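Chain nomenclature is as follows: A, B, C and D, assigned in order of appearance, with residue numbering initiated at 1 for each chain independently.
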Amino acid sequence: MSEIVRNLWLIPALPMLAAGVCALLKRGRRRLSAGLAIGAMAGALGLSVAALVEAMRAGGAAETFNFVWLQFGTEWLKLGWVLNPLTAVMLVMVSFVGLLIFIYSVGYMETDENFGRFFCFLALFAGAMLGVVISNSLLLLFMCWELVGLTSYLLIGFWFEKPSAAAAAKKAFIVTRIGDLGFFLGMMWLYAGSGTLLFYDHGAGCLEHTALARLVAQAGVLGLPAAGIIAILIFCGAAGKSGQVPLHVWLPDAMEGPTPVSALIHAATMVAAGVFLMARIYPLLAASAANLGSAAALGSAASVEPTPALMVVTWVGAITAVFAAVIAVGQYDIKRILAYSTVSQLGYMMMGIGVGGAAVGMFHLITHAFFKALLFLGAGSVIHGCGGEQDIRKMGGLRKLMPVTFAAYTAGMLALCGLPLVVSGFWSKDAILHAASEWSVSHVPFYLGTIGALLTAFYMTRQMAYVFAGTLRLPEGEAQHGHGGHHAGVHESPAVMTVPLVILAVFAVGLGFIGTPAWPWFQSFLNGGQASFELKALAGEGMLAVMATSSVIVLAGLGLGWMIYGRRGIASAEAPDAVGAKMPAVFATLGAAFYVDALYAATVVRLNNFAARMSARLDRWVFGGAVRTVTGTVSGLAHLDRFTDETLVNGGFDEGCESVTLGGLILSLLQGGRVQNYMRGIGTALVVLAALMMWGAR
Amino acid sequence: MTIGFLILAIVTMAGVVAAMSMRHLIHCVLALTLGFAGLAMLYLQLEAQFVGLTQLLVYVGGVAILAVFAIMTTHSSEPVARPGTSYWLGGCVVATAVFILLAHAIEKSGVGARTMPAAPVGGVKEIGVALMSGYILPLEIVGLLLTAALVGAVVVATGEGSGKR
Amino acid sequence: MTTLSHYLLLSALIFAVGMAGALTRRNAILVLVGIELMLNAANLNLIAFWRYGPHPEALTGVMFAVFSITVAAAEAAVGLGLILALHRHMQTTDLDKVTGMKG
Amino acid sequence: MTRAVAVDQMFVTLNHALVAYVPAVWRPLASAVLGVVTVMVVFLTLFALTVLLERKGLGRMQNRYGPNRVGPWGILQPVADGIKAIIKEDVVPQSADHAVHFLAPVLIVVAAFLNYAVIPVGRGMALTDLNAGVLFFFAISSMVELGVFMAGWASRSKYSLFGAMRAIAQMISYEVPMLLAATATVMVAGTLSTTRIVEMQATYTGQIPHWFVLTPWGFTGFCLFMVAATAESNRSPFDLPEGESEIVAGYFIEYSGFKFALFFIGEYLGMMATSAMAITLFLGGWSAPLACLQWFPTWGWFFVKLVALLCGFIWMRGTLPRLRMDQLMNFSWKFLLPMTLVNLVATGLWRFLPVGWERWLICGALVVVPYALLGRSINWQGRKVAVRRYRYAE
């Protein structure tokens, strides 16, 4: 075992340590706390790169380090960490994106008085997230997972003085808890079924052949084997964390937090943790008698026979992808658009894992992390520049005012839309669509994905048109930074914010080349194979057709967007949306996100309230009545008792006490506090005693 | 009864009675030293040279000076008796009763008829040898006691938190 | 010829005087002095019994007296220290005024 | 040799001859009275000479003549002083406590004289040979404190009371190291009898006497004893209790005439008594410094040594400035006391280590090293003691 594996714990420990120190610092030590967090993150990045190198050297094998955490009776509960390609790739992504976002935050949070607290939370989040990544135990993963949820709660509610932020934080916490309940049940079941929570333990781990075979053999419910039920239960947790329908409602609200938080947690890393979890337990998802027989636990879609769990994942992902994309069209808040876009993309990833295996989903996760972080940071830059304005109707014309941001944002937007051949988003989305097109169960997910791609291009174009094209529509009096003149307040962001943008932009565009069909390095790295450069793989079976379809779709979306929004420009902030003007009813539905929140309010919440009221009634009348009867009887007895006690027992006792007190008073006169009186007493007693001895005791 | 004993007894008693009855505290202590010195002389007369000189060293040179210091530091004087609080008579009666009892016991016991045996040889050296052999444990304990008393007296007299002295 | 009873009577007298002082004087220092006198009377007894005893060469009485003197010195030191502390706290050495333990 | 012995023992012989005239019953009393009278006369004379020596000597040290008017070279000055003291009016403050005021100087002088009872002035020339001679000496010395207090308190004067308090504090503080320094000798000698201690030192190896001062612990003990003795007798540089510039004259400020003279006498007698004790304990008492010098009478050697030590006192007085009160206390408790304790350890080792140079080395190191360390670390009010260079008017 190499040194880096043994010391892998240092990677999450460094940011956590930094968080601890920051928490102890005084409020005014802004530079120190930021420096600590960034330094810890840089250290984590360095170690992560070392881990990646080690993983590449090891060639796909999982290296683990396990230790006993608890012993109860004869049972051992082990924790540990694992280094395999999945871990390494995720580590580098999280720490690299995290580092850039940390640096960006220095500029973004510049004027906030709780600067130190912010970095403390951020560092704690980073540590917890890295802990999720390296865990070799579902239990350790769950702990870090919950810690991540906690920091997410803290950071969404960072500006807790805003009621909406506090509500959003609470909502996020509760909704993800619903998913985590499933996760926890799944974990329990897994432990009961396999006797271990370690993923890899030299053949004894729960993701390894022996345990999987046992789980597959066990019967679950609904006619599914235990493995499938466990996987679906765990997927509930992942769905909650990753904002899959129907648990997606918290994610758009989570945008109440500071923008770097949105970028880091609610776009790049934490929400992707659900996808990561699915990738991690992919062997469990894909566990079926047939698949275990072919011994292709982590193989590509071709060799994996779809299991019920994989189907659930696929369908949920596909529906989420389209559903969220549709909603995104009707939003006006720059960050909410991106949030729905994130939900949509997470659906893509889930779908990718379901139809094409872990590598496909993970590839989109990595590329998405970069360009979505870029988009969020760009949005943050825009918001920062406009003095806190988030409504895209009030923006416009920022292309000239914020050129660097514009350029970077454009790169991110094109990557998200998947501009053919150039950007990373194209290749990762293409891999998903290709896998979907070959899925043996149904082609509907492929169609849904295609529609999602069209919508993605459309709403992103709409957003670009609103924000960067045309003229500035910001009302007077807002965003005036004191320079006077016409909107001189809208300005380019400082270098500490734009430099991370540029770096992310480079990666957003370029990262796709590590996973093209011609040179599928990423996929083969994750699958433990060797990649070879074959240009003709591009022209492989169905490949070109899918690529062409996707290209056409994307270009169509871009063009449609330009047609509707860009060409004529947006006249004023009050002007109705171009689509909204045509179909107001539909558009209103979209703007309200299909009334899901209202639906929940009308059903789940009301049901809950009703149940609570019923419980209260039950409590008050049935149980309360019984209790009152009992208490009445008892207190009647008590009154009787008291009467006898006070008059008979106490009377006698009081008399006794009084006489004792009186005696004490009389006796205390002797205790005059005068030493010499005592001495005289002693002397007298001595004389009397001696006299008695001499004369009396004959 | 020899002349020497008579003189010493009278001097000692004078000192002791004066120490307990004089009005001024300093006078009391000075008279007390006279009493102590008389007792030391009595010890010497009883051939207890070491004890006598120790008595002189400890009481005249030590305790009396200490008492003087205490009196000066506390500016104390014998308080004037308030009416109704005088226990003068009571104390004296008790003390007299004690003396009468003791005297009676002495007279009755018959030890008084003993005559003085020949003076023991040696003195200081034997005491030293005895201290270092048979009485070594009491000696060590007394050393401990003295140390504790020293520290304790300093702590008590210094009081809490005062940096004087 | 001086007999043992002379010394014993003298000792008893000193004891009684010391006791009377300790019982009647109001000043704490003088009370302490009275107690010292009582101790000294005991010492005189010890020495006298030793000298008139059957085995003066055993030095028992002398030893006892030496230790008694030592302990008395320690007692005096601590006692006077206590009186100083008392004075600091209550600004008096009048024992009649020190009645904090009054029942 | 017989002539030398005769000279040596001539006072003893004379005593016997004189006492022989008295009836046998009274002989012990007569012998005692004779001895006491002799001691009083001799040491009072020595006192007069010492005062003269001091005044002349200090005068020389301070570039002046000193007394030179009364008699040839001023040698009759003490007589003149004495006459003046006797005939001067005895002023007693009105509010003073008369009895105590009168008793104080008497007590001091009596105590000072009592000290000489145990000093062996020559071979066989000690007034009493007490078993516990050394203890007697210290017991009597402690009575002086009482006298000082009585003087200061009875005068009803602030200055005298301050002086008395200072004196008592100082004497108590320095009595402890003094006694401990003497204990070293007692430990080696195994006796408290002064006569025995001197006799133990009056033997010779070749020409070298067995004086205790010629051993590491003895030398240390002697130095410590002398320093403590200087303080004990309120001599400069430890003369705070009677510092003229601070509290006028200390505890005897309200005394005049013959009572003042008594204080004066008491102080010098005390100084001489402690010097005599130092000689007895460390400097071999009456024994000759070299074996070949034994022809000189023993009492002669004693007085030679005594005068030498007195000259040392005078020299010190002419040289050293006065200490402050805190320095005085620090010096006693933080330097002298630890040093005497260390010295006791060294003495014990000396007693039990085999004879040889190793004994010298170990005991010497045990004394020298703490001396250096203590001397360095002693701290007056936060300042280290260092050589001070005075700059005169430039």
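Definition applied: a residue touches a chain if its C-beta (ideal position, glycine included) is under 8 Å from a C-beta of that chain, and two chains touch if they have at least 3 such contacts.
It should be emphasised that the depicted structure is a prediction, and the values quoted were computed from it without experimental measurement.
Enquirer: Count the C-beta contact pairs for B-C and for B-D, then tell me which is higher.
Expert: Between B-D and B-C, contacts are more numerous in B-C.
Enquirer: Between chain B and chain C, what is the gap in Å from one C-alpha centre to the other?
Expert: 5
Enquirer: Hey, how far is the Cα centre of chain C from the one of chain D, in Å?
Expert: 34
Enquirer: Can you check how far apart chain B and chain D are, centre to centre, with Cα atoms defining each centre and the answer in Å?
Expert: 29
Enquirer: Per the centroid of Cα atoms for each chain, what is the distance between chain A and chain B, given in Å?
Expert: Result: the chain centres lie 87 Å from each other.
Enquirer: Send over the residues of chain D in touch with two or more other chains.
Expert: Residues of chain D never touch two or more of the other chains.
Enquirer: Can you pull out the residues of chain C that are in contact with at least two other chains?
Expert: Within chain C, the residues that touch at least two other chains are 19, 22-24, 26, 96.
Enquirer: Please set out, as single numbers or ranges, the residues of chain A touching at least two other chains.
Expert: 676, 680, 683
Enquirer: If every chain is a node and every touching pair an edge, decide which shape results: line, ring, star, complete or other.
Expert: other
Enquirer: Can you work out from the touch definition every pair of chains that touches here?
Expert: Chains touch in the following pairs: A-B, A-C, B-C, B-D.
Enquirer: Give the list of chain B residues in touch with chain C in this complex.
Expert: Within the complex, chain B touches chain C at residues 1-2, 5, 9, 12-13, 16-17, 19-21, 25, 28-29, 32, 35-36, 39, 42-43, 46-48, 50-51, 54-55, 58-59, 62-63, 66-67, 69-71, 73-74, 76-79, 81-82, 85, 87-88, 90-92, 94-96, 98-99, 102-103, 106-107, 111-117, 119-121, 126-127, 130-131, 135, 138, 142, 145-146, 148-150, 152-157, 159.
Enquirer: Quick one: which bits of chain C touch chain B in the complex? Just the residue numbers, please.
Expert: Listed in rising order, the residues of chain C that touch chain B are 1-10, 12-30, 32-34, 36-37, 40, 43-44, 47-52, 54, 56-57, 59, 61-63, 65-67, 69-78, 80-85, 87-88, 92-94, 96-97.
Enquirer: Residue numbers of chain C touching chain A in their complex, please.
Expert: 19, 22-24, 26, 31, 95-96, 98-103
Enquirer: Can you name the residues of chain A that touch chain B in the complex?
Expert: Its residues touching chain B are 676-677, 680, 683-684, 686-687, 690-691, 694.
Enquirer: Taking the touch rule as given, give the residues of chain B at its contact with chain D in the complex, in rising order.
Expert: Chain B residues touching chain D: 26-27, 30, 33, 49-50, 53-54, 56-57, 60-62, 64-65, 68-69, 72, 122-125.
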